[in-house]
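As written, the chains take the letters A, B, C and D, and residue 1 is the first residue of each chain.
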Amino acid sequence: MNSVPWLTILLVIPALAAVVVAAFPRRLATQAKQLTLAVTLAVLVLAVLATFAYHPNRAGFQFSQHYDWISTFGISYAVGVDGISLVLILLTALLVPVVVLSSWDEFDGDPQDEGPAGGALPEDGGLPAGGGLPESGGGTAVLVATPPVRVEAVAQAVPVPRRSVPVFCALLLVLEAGLVGVFAATDVFLFYVFFEAILIPMYFLIGSFGPAQQQAQRSYAAVKFLIYSLLGGLLMLAAVIGLYVVSAEHLAHGTFDFASLRQLDITPGVQKLLFAGFFIAFAIKAPLFPFHTWLPDAGAQAPVGGAVLLVGLLDKVGTFGLIRYCIPLFPDASDYFAPVVLALAVIGIFYGALLAIGQRDMKRLVSYTSLAHFGFIALGLFAFTSQAGTGAVLYMVNHGLSTGLLFLVVGFLIARRGTADIGAYGGLAKVTPVLAGVMLIAGLSSLALPGTNSFVSEFLVLVGTFTYNKALAIVATTGIVLAAIYVLYLYQRTMTGPITHEANRNLPDLSWREKAVVAPMIALIIGLGVYPKPLLDIIRPSVTATYTDVGRSDPAPPHPVTSQPGGRS
Amino acid sequence: MTHTPVHYAAASGAFSVSWLLILLPLAGAAVLLLGGRRTDRFGHLIGTLAAAASFVVGVVLFAAMLGRSGDDRAVSQHLFSWIPVNGFQVDVGLLVDQLSIVFVLLITGVGTLIHIYSIGYMAHDPARRKFFAYMNLFLASMLLLVLGNNFLSLYAGWELVGLSSYLLIKFWEDRPAAATAANKAFYMNRVGDVGLAIAIMLMFATVGSTSYADVFGAAAANVIGYGTISAIALLLLLGACGKSGQFPLQAWLPDAMEGPTPISALIHAATMVTAGVYLIVRSAPIFNETQAARTVVVVIGAITILLGCVIGCAYDDIKKVLAYSTVSQIGYMFLAVGLGPAGYAIGIMHLLAHGFFKAGLFLGAGSVIHAMDDDQDLRHYGGLWRYMPVTWATFGLGFLAIIGFPGLSGFFTKDRIIETAFDKGGTSGYLLGAVALLGAGITAFYMSRLFLMTFHGRPRWSSEGEDARHPHESPPTMTGPMIVLAVGSTFAGGLFVLGHSMQDWLEPVAGEGVEGVHTFSPIVLTALTLVVVAGGFAAAWLRYQARPVEATARPDTEVTLVTVAARHDLFANTVNETIAMRPGQFLTRFLVWLDLVGVDGLVRGSAAGIGGLSGRMRRLQTGFVRSYALSMLGGAVLMVGALLLVWGG
Amino acid sequence: MNPANYLILAALLFTIGTAGVLVRRNAIVVFMSIELMLNASNLTLVTFSRLHGTLDGQVMAFFVMVVAAAEVVIGLAIILSIFRTRRSASVDDVNLLKY
Amino acid sequence: MSAILLAQTEKITPPSIEYSSLSPLLIVFVVALVGVLVDAFAERAARRVIQPVLAGAGFIAALIAVALLHGRHALLAAGAVAIDGPTLFMQGTILVFALLSVLLVAERRLDSSGGAIVASAAVTPGSKGSTAARTSADMQTEAYPLMVFSVTGMMLFVASNNLLVMFVALEILSLPLYLLTGLARRRRLLSQEAAMKYFLLGAFSSAFFLYGLAFAYGYAGSVELGKIADAVGTTGRTDAYLYLAVGLIAVGLFFKIGAAPFHSWTPDVYQGAPTPVTAFMAAGTKVAAFGAILRVFYIAFGPLRWDWRPVLWAVAILTMVVGAVLALTQRDIKRMLAYSAIAHAGFLLVGLAGTNTDGLRGAMFYLVTYGFTTIAAFAVISLVRTSDGEASDLSQWRGLGRTSPLVAGTFSFLLMALAGIPLTSGFTGKFAVFQAAIAGHATPLVVVALVCSAIAAFFYVRVIVLMFFSEPLAQGPVVVTRPTLTFATAGIGTLATLVLGVAPQPLLDLANTAASSGFVR
């Protein structure tokens, strides 16, 4: 069954679909949406099938394909998955259709379509302060006479409705393709290409599909997101090229093939430089404290669907990169920098949580909670124990689900009231009980309540870290109190108490479409909380292998039981 | 050093379906929550049915257990592998043994009764279905807590009961007070949970497993260092304190009374709050190994007893008084189990007895509140016995039980605790005994105060006027459970002590109940206790029965400092706010500012810097050919100069 | 006499030319200064030709003259057109394009 | 004295010239001459047809000749001209770009009044005839022969193996450009000013080049690149002359590629010149100038590389920073692209800093990718117009993505290519040169380059923001839809940008063989 080129299929289908959908005229919006949904669902099915075809305990990459691409630089189109990337591809395949369905009506007949730019100068689109130009374009304007503009010019310049549904769908599909690619790539160059390529659709999602009335903030957020990520990406490019050059020195001919690159034994000094290059890129992407400030802006300005994908998937690329590239390729450097990473992680846990508590904008709040979650993930990855590592990878999936759901719920609220300001809500539990319930479930998953998916991953991370460094684990564990606070405080302010705004008194509860969106998420959140074994069995071997390859093994307990390991009795 | 795990019998016969215990209420909850409004009409019936069914299963299992020989009564059942990651193998499994079955019966039994009671109590609440769903959810979680065969399953149950407690405290969500109380409860519980979680990690790090069998095996084999095992014990204790509202984490429990009264009876009196006691007894093999931890337990117990009693005397809110009495009663249990093997069984006994009478008391209180149009102020009651006789009778029995009236359950269980405390011997023994004794006296005082102010004396309410009250007896659905519980609280204690039945039953779990040398002969001590209790009652009688009670409490300025302090929960909340909340809020605000101005400021600043640089550099492009030429010449000179330098040097 | 002196002379001429470009405003004069620089180069070439005892340098000088002549044509054309527009040959008057 | 002369006159023998190998050059040169004659004799209407066809045909023919010559590796015309891999590669590139530029110049349907080239350059702006000159349908057809001459110069520039030939070529390619710059149909004043600035500064810089040449001659007794290298290599004798030569010649060459601090002409000229000419300059001149630089620094001054490397580093860094930073605050789009051109020159210099074959390959590849992208970009710019010509002011581009998504989308794609986003040729090119640089142990330089490209990305992105995320202006510019030639050019350029980003291997192979065959000497 492995003869089937699963990954290429998963990669090509959305890409082609994107081209097709993009060609749809605006009036065929509905058809575009339907097609997109169908395609993404098909991708989901295929991804699940692929998962069944996958052999968890077989070493190395599976579904591998390898074609030369740019032989001059030893670059090839090489894809393949191990447990780690497979689950993330699954997550991608799941979240995209969910997003499509959740933003189904978002851009139909948007009232703000014809709205003015809100007096926002283009320079607000991120032009650095101080870049103002008193004398534009030199004295040209003075000397060259400017007769009145011709009439047809005016006629043609009338603004058309600003949000095209087909384009939105196309962007989602491109994003999906890019994400599959980034997780499936086994050629460092290919990975880098996708790593950068996925920025563009997300950039447009934020920039042109964010909150309609906040044009200036949207552009600012989009540009900030792009440039920030780009900066990281370019530093990584230096490291990528450096890696190539190093490989060229070690091997006969330079290569980007991951498998052969991890065979190199690079001198520690060089490792540190290359690690730094990769790490900064991933730390910005993830994001880890203190490279996070783009996230709240982007999270708040992206359309809800975009925010789900941004926080649920794009940011995973960073943490994925840490375990896929940083640790296996630069083991010595990973050791050397581990304290720094762990410190940043723990800081992030508390920093993110406290800032989340302090937010008044729901989308920003959720973004900050993610910062805390990424702290946990990074902590797990750099504790170098199979438990923590497995937990961290599982955490990536779970965070996608729980935070994804949280963003969706917030989106539903915004769709009803048109604002993300927490102060505008309150007492909704009576008006929209289902919505409230869903938000609570999402929140509970976010605070890692046992029985929800996140608990498994968070506890694995903590227990794994504990065997590696007790102090760190203990400090991190206290973070769960803060998690409880930011979740329940949000719920209290929005859902409980008396209804403070008349506008809230008769908001509609979840529609069937919205229920259909959240149902699978909730099912997974609880299902994976009760029975995470299937995923764990996929993830564990790959993570264990990763750490064994860099010579890390779990510390054995001082007083093991003679009976077989584990709680069976 | 390695060691062999404790052996449990494999599940067979009735035990192979013990998971029904949890599944039934869980299914109930699922049906009610997913069913939505459709199930509104009969939701409460489904919920009650689920609870009752679970209780039946419990009884069956109990019978089956009786049928087994002593040493394979502890049955462990592996259900499925939960979190398997290499060395870390956690299963979902059940351990039905003498200890857990007792709890199962208590939980499902009292639970069922309170379900029935709620049918009447919540009759007029539009969200009754949800209420029953949550109660079922609670039963399931609580049963998971007591039935789990490893610490992680216990932890799961532990947090899930926290969740259901949260849900039920804020059941009337539109009351801000309720929502706040619920959050407070969850936060403080989470603090305790941190301790429990870390304890589990430490176990895994030490033994490589979290199952009772392995951990207790290791503990019994005495291979774990004293420091480590004490740490584990203390961390467990932190968890226990959080859940059981023990000092210093007691502040949430009184606030939790914002929830509907049946909840106060079920969760915040009979079952959940006693989970801490269960945890300690369950972890007896660990606590046996560390005197240090046990000392801390008794100290906490002792402190909490007094704290609870003292505050209990000051409140006029009937439920708050009962809440603080719960706090102090659980203090007794902690004191008992803190005494080690001598006290485990006694602690459990008191726990069960308390389960009955406190539940009974709360239900009675509920019925009173119901009758008085949701007025909870003792000072607005009085002389109610005439109007609600059943309530008066059942409540009275519960009251007698708690103050330890001879023959009723409290009399047996509490006296045994006092006795054991003295028997501990040494100064500490006397100290603890004295505290327990004093506690008994004060308990007698405030409970009598409560009882008298509620049912006796002249009514402080009027049957006409704008806030007219028409107290009436509650419907049978409510009185029925009250009667059952009254009966329970009357005889339970007796049954337990009769021929050490309870002690022997729990012996495999709690260990040999060593009969220490008596400091005082039991007779003397009993007499002494009775005198103290009588004193307490007399004081209350003189103060609240002989003299009329003011309809409004005196302002703080006219009462003693002790009373003021007691009225303010001994400033527990003030402390919490000053050491945790305020700094937290400040820190949060500061960080928000820092993130905006500092971290992000750096980012924006650098962007602005480059922009500014660009703005200034543009000026160099003056548009004058000659200045361009000059820059070229300059460049040329520099380049040639540099090269010549290279050549020269 | 020492041919090195010719080099120095050439260097001086080149410098003068450069200075002229920088200080003079009239486009024509600026252009003449550039021509002066070219001729300084020519002188250098010829001198080196003498030093090396080969003709190449002198031949090159011819090439340069031809090129310079072509340059003059183009240059004058441009300057003239500007002059006709602005009635001024000052290079400082033409700075619409800047920043 | 006279004796010597006599002695030598006897020795002089006419050098043998392999005309076949020079055919590309000769074809283009002849076409140029014919073009002049056509202009002299054919009448107005006819010229506008004949000239572009002639020029185009000539370029294609030359291109074929180049193709036929591939693999040749020889010094011709007594060592004056070198035909080798790099030469042919770059001659081919220049011809392709020239072809595309001719299409742009020949465009007549940009707006009501003809193409981008003025009807008669002689008419004074503001005078009576000026409006007529602006609106009249015809153009100064001399533009075509001038372009062809310039192409001749470029092709000779990259082929010249002799500093003197190089100087002559430099002038042949520059002088026509000076004139072309002044031929803009609209904004005559700016056009003339640009021409004058370009001319004066160009002449100024070539004077430096010439003086350097003189010193090179003084040092080596010859201006043949190979001989100079030998002089350094064999004798090992180094004196001030040599270093003066390196410095002064570098000035001349750096001026042509617009490297800081010799860049000041670039923005003004790019802005003032007619857009097709700007495109031609940006693409063609860069190739030619870099061809020359590569040749001079790899052959003549190759042995000295450890001495001039530091200077090259300094210039590269300065160039990148100036280009990237200054572009941030530009308002005129052509001016912005000019600064971006400066930044790209810096990136190319980074490739050179590797001073290895990889660098040569990388640079050549980069030149191709950059040329295509930039020509396409200028083509698109010439499409977006207001009533007084191109909408050059950035603020006029607001909301273009809403009014005409196709053009805006294409332009965004080109900008991303210039920014170096993967899957565009810009990224592959950057990768090629940076790889060479790191392999050549110039890693710090690469890091600077990458930071600069991050800064640069900012202003490309800003344009995208403008076009897509802001509301259109009430009286925004119009995208003229008629000009087929311009569309064709833009299309070809964009297509090349895409293809070279996705499947660069063939071109890389070409560049590789060309580079690895190395310079003939």
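Brief remarks follow.
Operating definition for what follows: contacts are C-beta pairs under 8 Å (C-beta built on N, C-alpha and C of every residue); 3 or more make two chains touch, one makes a residue touch a chain.
Keep in mind that this is a model prediction, so the values were computed, not measured.
Of all chains, B has its CA centroid at the greatest distance from the CA centroid of chain C. More C-beta pairs touch across the A-B interface than across any other pair of chains.
Chain centroids computed from C-alpha atoms place A closest to the centre of all protein C-alpha atoms shown. Spacing of chain C relative to chain D, judged by their CA centroids, is 25 angstrom.
Work out the mean CA point of chain B and of chain C, and you get 97 Å between them. Between the Cα centres of chain B and chain D there is a gap of 80 Å. Rounded to whole angstrom, the centroid-to-centroid distance between chain A and chain C, based on C-alpha atoms, equals 63 Å. The set of chain B residues that touch two or more partner chains comprises 607, 610-611, 614-615, 618, 621, 623, 625, 629. Chain contacts: chain A has residues 126-128, 131, 133, 138, 140, 143, 227 touching two or more partner chains. Residue positions of chain C touching 2 or more other chains, listed in rising order: 21, 30, 91, 94-99. Within the complex formed with chain C, the residues of chain D that make contact are 4-5, 8, 121-122, 124-126, 164, 167-168, 171, 175, 178-179, 182, 188-190, 192-197, 199-200, 203-204, 207-208, 210-211, 213-215, 217-218, 221-223, 267-268, 271-272. Chain contact summary for the complex, chain A toward chain B: residues 126-133, 138, 224, 227-228, 290, 292-294, 351, 354-355, 357-359, 386-387, 390-391, 427, 429-430, 437, 444, 449-451, 455-456, 459-460, 462-464, 466-467, 470, 473-474, 477-478, 480-481, 484-485, 488-489, 492, 495-499, 530-533, 536-537, 540, 544, 554-563, 565-569.
Across the interface of their complex, chain A is touched by residues 186-187, 189-190, 328-329, 331-332, 335, 386-388, 392-395, 398-399, 401-403, 416, 421-423, 427-428, 431-432, 434-435, 438-439, 443, 446-447, 450-451, 453-454, 457-458, 461-462, 465-466, 468-479, 504-505, 508-509, 512 of chain D. On chain B, the positions that touch chain D within their shared complex are 607, 610-611, 613-615, 617-618, 621, 623, 625, 627-629, 631-632, 634-636, 639-640, 642-644, 646-647. Across the interface of their complex, chain C is touched by residues 618-619, 621-626, 629-630, 633 of chain B.
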